[in-house]
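Here come two complexes built around chain A, the first alongside chain B, the second alongside chain C.
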Partner chain A sequence: MPEAGLLAILPMNEIVFFLNKVVIAGFIIGSVYALGAVGVTLIFGILRFAHFPHGDMMTAGAFVALVLLWIFPGAGAAVGLPTAFVLMPIAMAVTALFAVGLDRTFYRPMRKAGVKPVVMVMTSIGVMLMMQGLLRLFAGTGTRQLYVDTDAKDIYRIPLGGRDLVITEPQLLLFATTIVAVVALHLFLTRSRMGKAMRAVSDNPDLARVSGISIDHVVRTTWLIAGALAAAGGTLLALDVTLKPDLSYNIILPIFAAAIVGGVGQPYGAIAGGLLVGFSETLAVFNWSVLLRPLRPYLPEFIEIPAKLAFVPTEYKIVVPFFILVAVLIWRPTGIFKGRVNI
Partner chain B sequence: MPLLEMTNIHGGYGGANILNGVSIAIDADQIGVIVGPNGAGKSTTLKALFGLLKVGEGSVVFDGRTVTNMAPEKLVLEGLSYVPQEFNVFPTMSVEENLEMGAYVRRDGFRHLIDQVYGFFPPLKDKRRQPAGELSGGQRQMVAIGRALMTEPRLLLLDEPTAGLSPRYMGEIFDRIIAVNKAGVGILMVEQNARQALALAHRGFVLAGGQNRFTGTGAELLADPDVAKSFLGGGADHA
Partner chain C sequence: MSPSLREAGLFAGLALLVAGIFAWLGAAYGVRMLAEAACYAIIALGLTIQWGYAGLFNVGLMGFVAIAAFTTVLVSFPVNDAFWQGDGPVMLGQVALTLVIGVAVTILLSRSTRIGLPKGLRTALTLVAAAITYLAVQGQLDPAATLIEREAGFVGGLGLPVWMGWVAGGLVAGLLGWAMGRITLGLRADYMAIATLGIAEIVKAFLKNADWLTRGTLTVSPLPWPVPTPQELGFVASRSAYLAVTAVMIVVLYVLLERAWHSPWGRMMRAIRDNEVSAAAMGKDINRRRLEMFIVGNFIIGLGGAALITFTTIFDPSSFAPLNHTFLIWVMVILGGAGNNLGAIFGALLVYVIWIMSEPVAVFLFTTAEQWGESLFGWEAPSDLYTRALQMRVFVIGLTITLVLRFAPKGLLPEKVVKYD
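Up next is the complex of A and B:
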C-alpha cells in the first residue's frame, strides 16, 4: 500500500495545518478581495476614477442582507441554506440600484460639469465618509451576526490522517459564488452586446461614442455589476466572520492593491490580483515553524527552531497588501495584466 | 443634388476660429479629397461635419436634411461614418469584435456585413480573433475603416487613412478605398499624401487658413500649376 507508506512518511498534521491556514484561508479572503476589486477596476476602466467608497458599498450590501433577514427570517430554513445567503440575490439587486443612485446623485453631476479627475477622487472620498457616517448612524458600532437561530453554521471536517481539513459552510458558499460570478462576468464581457460595449468604452471612449454606443447605458451597467458584486462580497464576508460597520472599510486597501496588481481596468487581472493578495497575506502571517519542526531530527544541533516564525505578525497583516502595492507601483506600474493606465 | 453640402462653415474649439468659411460639396458616388498645408483646418472640417466640434456659422446639409451640429451618435443613424486619424480601433478587442462594435447601433443581423468587410480587406479574415492593437499599422487602418463600414454608411469620412504607413501599404489602402467607393459608398477624406490622393479624387478641395483656396476635380487640381507650386511641393514630383 504505497499511499499508506507515503502518508506515514509525510508530516500530515503539519501539511493539513498549512492547507487550513494558508490555502483555504487565502482563497477565502482572496475571493472577497476579488469580488470587490472587479467592481473597482470596472469603475476605473469606464469612469476613470478610484471609487473609494467601494468597501462601504460592500458593507452596505451586507446590511441590506441583514434587513432582509429581519423581514424574511424563515427563508433559509425552507431550503436548508443560511438565510442571508438565500436572500443575497435580493440584497445584490438592491445594492446595484443603490450604486446607480449614488452615481446619479453624486458622480454624474460632476461628470456633466466636466471636472478634473482629482475632483472626482475627492467626491468619492466625500461619499465614502458620508456612507461610513450613515452606516454608524443607523447601525451603531456594534457587531452583529448574519445568522438567524434556525440556521446551522455547518462545519465540514475532512480527515486526512491526523488533523482534519476544516471548511465551513459560508466558506464553501463563498467559493461557489466567486466561481459563478467570475464565469458569469466572463461570459457577459465576451459574449453579450452590452458586455462588449463596456470593453469598447474602457478601450477607447471617443471611438465608442462615434460608433453610436450609448455611454450612459454602459455607465449604468457598470454600477449595476459593481454594486451587485460588492453586495455579494460583503454579505459572504459577514457570514464568514461577523457584520460590523467597518467590515469592508478595513479591506479597501487590499482591494485596491488587488485591482492595481491585476492591471487597472482588467477584470480578470482583478480576480487574479485578489487571490494573489489573499494568498500573500496568509503566507506572510503563517507560522513557518510548524513546517520546520518535523525536520528537527535532520537538522544539526546548533540550529534552533523558534516558537514563532512568521514574516509578519498577524496584527500587522495590513502591511502585506501595502507592500505589494508599493512594489508593483515601483517595478511594474501597469500591473501583471498590463492595465490601461500608468498610475 | 449633392449628397453632402457644407456651406461657408465657421468654427473652432472655443477661442479663435479654425474654420473661416469652408465649403464642400460631393455627390453620392464620388470620392472627395481635402488637402492643404498643416493647420489649414482639414481634419477640423471633418470633425465639424461629424458633430465633434461646434459649428458657429454656416450649414451642413446631408441628403437634403440639415444636420448642422447634430451629435455623432445621431449622424451614424443618418448614414455618416467617421474614421479618426489616431486611436481608431479598440486595441484589446479582437478584429471581429471591433467590427461588431461598428454595428452596435444595428438591431438586425450583420453577419453579411462582416463578410463584406473581409471581402474588402482579406488580411483581416485570418486575424479576426487577434486583438486589433497587435496588428500592423496598415491592418489596423483596415480594421478602422471596416468598423466604420458596419453601419452601411452612405458617406464615409476618413481622416488621413494613410498617415504613418509605408508606401506599399499606402497604395493598398488607396486601392481598398476605391473598391469601397465602387461598391456605392461616398468617400470624403483628408490626406497628407496630396498627389496620390488627388489622383483618385472626383472632387478635390485645397484648404489654407481655414478657407477654400482651390476646388475642382482631382485631375484639374493636379494640372493647375498654382496648386502644384504652393501645395503639392515640387520636389516629390519626378513622375
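Up next is the complex of A and C:
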C-alpha cells in the first residue's frame, strides 16, 4: 500500500517528538498566556493601565482552588474529573469577587482622584508586591501539588508508529476550558448588552458615557471577567505542572507580550497573541538537530549536524517574549489586531 | 511650617535614629549601614532624575545595577593569568570579529533600499543575515566558553583602578538605557515599564548563565575597594573611609543636580513632564530630551549600583532579586519626595535604616506570634517561618507604595515649585 510506504519513509519518531515538544507544549502554555492576556487587555482597554498583579491574581486563583480542595476533598471522585477542576468554577467566582474588591480598595480611589496613568501603574505594582508578600507569607515558598486525586494523572498515549503522542488529562481540560472561554467571551462581547457596552467604553469612553452607559457597571464587569479567567488559567497551569508562589513572576512578561502583540484592548488579539508567544517559546528552545538527523543520509558530507541546535538555550527562555515585544513595539506598535498605543 | 524648618526637623530626627543604632549595635555595624544607605542614595538620585524630573517609569533598576556591577568586576578585578595565557583570548577575538562582520553586513543590508532593492526583499535579507550572524556567533562562542571555563574558570578582570570600573559601569548602564529608551520612549509609559522589567530579567539571566564571563552562581569575590580594606585598617576605619568616598560622590552629584534643576534645561524638563503637549508646541523635542534624562539617570544608577556591589565585596548574579530591591528604591524616592534631590537622599537613608531594622523586628514579631499561638491554641508553626517572616517586608513595601501614592503623593519633602513672576 502506498500509505504504508509513505509512513515507512517518514521519520515518525522524530515528527511525533516535534509534535509533543512544540505543538502540544506550545498550545498548553499558549492557552495559559491567552487566558491571562485577555484579562490584561480588557483592563488595558477599559481602565487604560497595565495591570501588573495579573500573574499574582492567577496564582491567587490557584491557591483558592487549593483551599477549596482541602474543604471538599471528595468532589472530584463523584464526577470522575480532577477535584481541583471540579472546584474551579467556585475558585473563579471567588477570584472574580476578589478582583472587584481590589479595584474598590486600591484603584477606584486613584481613578476618582484623576491621577495620571503612570501613577495607576505604580499603584498596581504596589498591589503586586502586597499580593506576593501575602501569598508567600501564607503559603511559604515551597512547591505544592494541585493534582491530589488518588489515581495518577490519566495519560493518553496515541500510537502513531514509533513514539507515542502524549497528552495528559489536565492538558485536555486546559484545551477544553480555553475553547469554551473563548467562545463564551465572543458571544458575550458581541451579543449581550453589557458586552457591547464594554466595547463601546473601550473604543470611546466619553461617547459611551454620554450615551448613557454606566461606566461603573462596565468596570465591575471587566474585573469580574478578568478575575475569573485569571483564576481558570492559574488553576489549570498549576494542575498541569505544580503550584508555587513564583508562578506569577514567570508568566507576567509573556502575558504582557501577548496582550501587546495582539493589540491592546483586543480580546481576540490577546488570544492569538498568547498562542503566538507560547508557540514561539517552544519553537525557540526546541532542539532542531532531532529533526535534521533523519536527513543525514541525504546531506553532503561537509555539513555537520551538531548535537544541540536550538535558537535559544532553555535558560534564556525569558528572552523570547521580550524579543517579540520589542519587535512589535518597533515595527507595529498597534499590534497585529490594530489596538491603540496612545490613549 | 517652612520648608527649610521641615528639612532640618526631618534630618535631625534621622540623625537621632542613626545615633541610637550606633549606640545599640556598635560603630562597625552603624558605619556599614550608613555606607550602604549612601550607595542607595546615589541610586535614588538617579531615579529621581528619571521619575521626578522627567516622569519616566523605570522598573528595571536592578538590571541596570547588575550590568554596572558586572562591568566594575570586569574592569577592576585582578587579571586572571590562566585566561590570558591560554587559547581563550584568541577564540574570543574570533567571536568578536564574526560579530562585527555580521552586524556590519546586517546593517548594510538593512540600508539596501538605497541601491534600489524592494522593501520586502530588504527585510527578508536583513532577517536572514541577522539569523546567520546569531547562529555563527553562538556556534563559535560555545567551544570558547567551554574552553575558558575548563582552563581558567572565567575571564577575570583588567586590574584597573576601582573608580574607572565605577565610571565604566555607569557608562554601560547608560548605554543600555539609550537602547531601551530608543525603543520605548515614543510610546506610552506602561510599555516602558514592561520593557524595562524585561531587560532586567534578561540581564539577570545572562549574568547568571554566562559562566565563562561572570563565574555565574560561583560568584566573584573579593572585589577590590577604592580605599584600604578592613583587613588593613580594621572595620570601622575602612568602612568610614568608604562612607567618605560615597558621601563625596553624593555631595558632588547633589550640587550638579541642583544646578541642573534651576537651569533653563531643568525648567524645560519640568515643562515636558507637566504638560507634554504645550512643551511640544513650544518646539521642544520631547523624546530626545527624555532620552537624555533616561541616560543620565541610568548613568547615576549604574554608578551607585557599582559602589553598592563593591562595598559588599561579592558579585553574585543571583542576588539581584528584582522586585524587593527595585521597589525599595522606588519607595525611597516617592516617600522622600519625587523631584526633590534632598528628598531622595533623605528617603534613601530613612528607608534603608528602616529596611535593615525591619528584619530583626519581623523575626521577633513572628517568633512571638508563634509562641503565643502554641501556648494558647496549640498551633504548630510551619518550619520555614523565618523565610516567611521576611516576605512580610515585601508586603510592607507594596503597602507603603499604595499608601504614599494615595495619601501623600508629594512625599515627605515635597518638590519646591519655582514661581516665575
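What we mean here is this: the second predicted complex is superposed on the first by the 338 of 343 C-alpha atoms of A that agree within 3 Å, B and C clash if a C-alpha of one lies under 4 Å from a C-alpha of the other, contacts with A are read in each partner's own complex, and residues count from 1 in each chain.
By definition in this document, a residue touches a chain if its C-beta (ideal position, glycine included) is under 8 Å from a C-beta of that chain, and two chains touch if they have at least 3 such contacts.
None of the values given here were measured: they were computed from a predicted structure.
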Exercise for review: Figure out whether A:G126 sits in contact with chain B (first) or chain C (second), or with both, or with neither.
Suggested key: second
Check your understanding: Where does A:A77 make contact in the superposed view: on chain B (first), on chain C (second), on both, or on neither?
Key -> neither
Check your understanding: Counting residues of chain A in contact, which comes out ahead: chain B or chain C?
Key -> C
Point to revise | Partner chain in contact with A:V241 - chain B first, chain C second, else both or neither | key: neither
Check your understanding: Which partner does A:A208 reach: the first (chain B), the second (chain C), both, or neither?
Key -> first
Point to revise | Contacts of A:A93 with chain B and chain C, given as first, second, both or neither | key: neither
Exercise for review: Return first, second, both or neither, reflecting whether A:A200 touches chain B, chain C, both chains, or no partner chain.
Suggested key: first
Review point. So which positions on chain A get touched by both chain B and chain C?
Key: none
Point to revise | chain B-touching residues of chain A, taken from the complex the two chains share | key: 193, 196-197, 199-200, 203-204, 206-214
Exercise for review: Would you pull the chain B residues touching chain A in the complex into a rising list?
Suggested key: 50, 52, 72-73, 76-77, 82, 84, 87-93, 97, 100-102, 104-105, 147, 151
Revision key, fill the gap. Note: in the complex, chain A contacts chain C through residues 44, 49-50, 52, 106, 109-110, 113, 115-119, 121-123, 125-134, 136-137, 140-142, 249, 253, 256, 260, 306, 313, 315-316, 318-319, 321-322, 325-326, 329-330, 333, 341-343
Study note, to complete from the structure: Within their complex, chain C touches chain A through residues 55, 57, 59, 139, 183-184, 187-191, 193-195, 197-199, 201-202, 205-206, 208-209, 323, 327, 330, 334, 382, 384, 387-388, 391-402, 405-406, 409
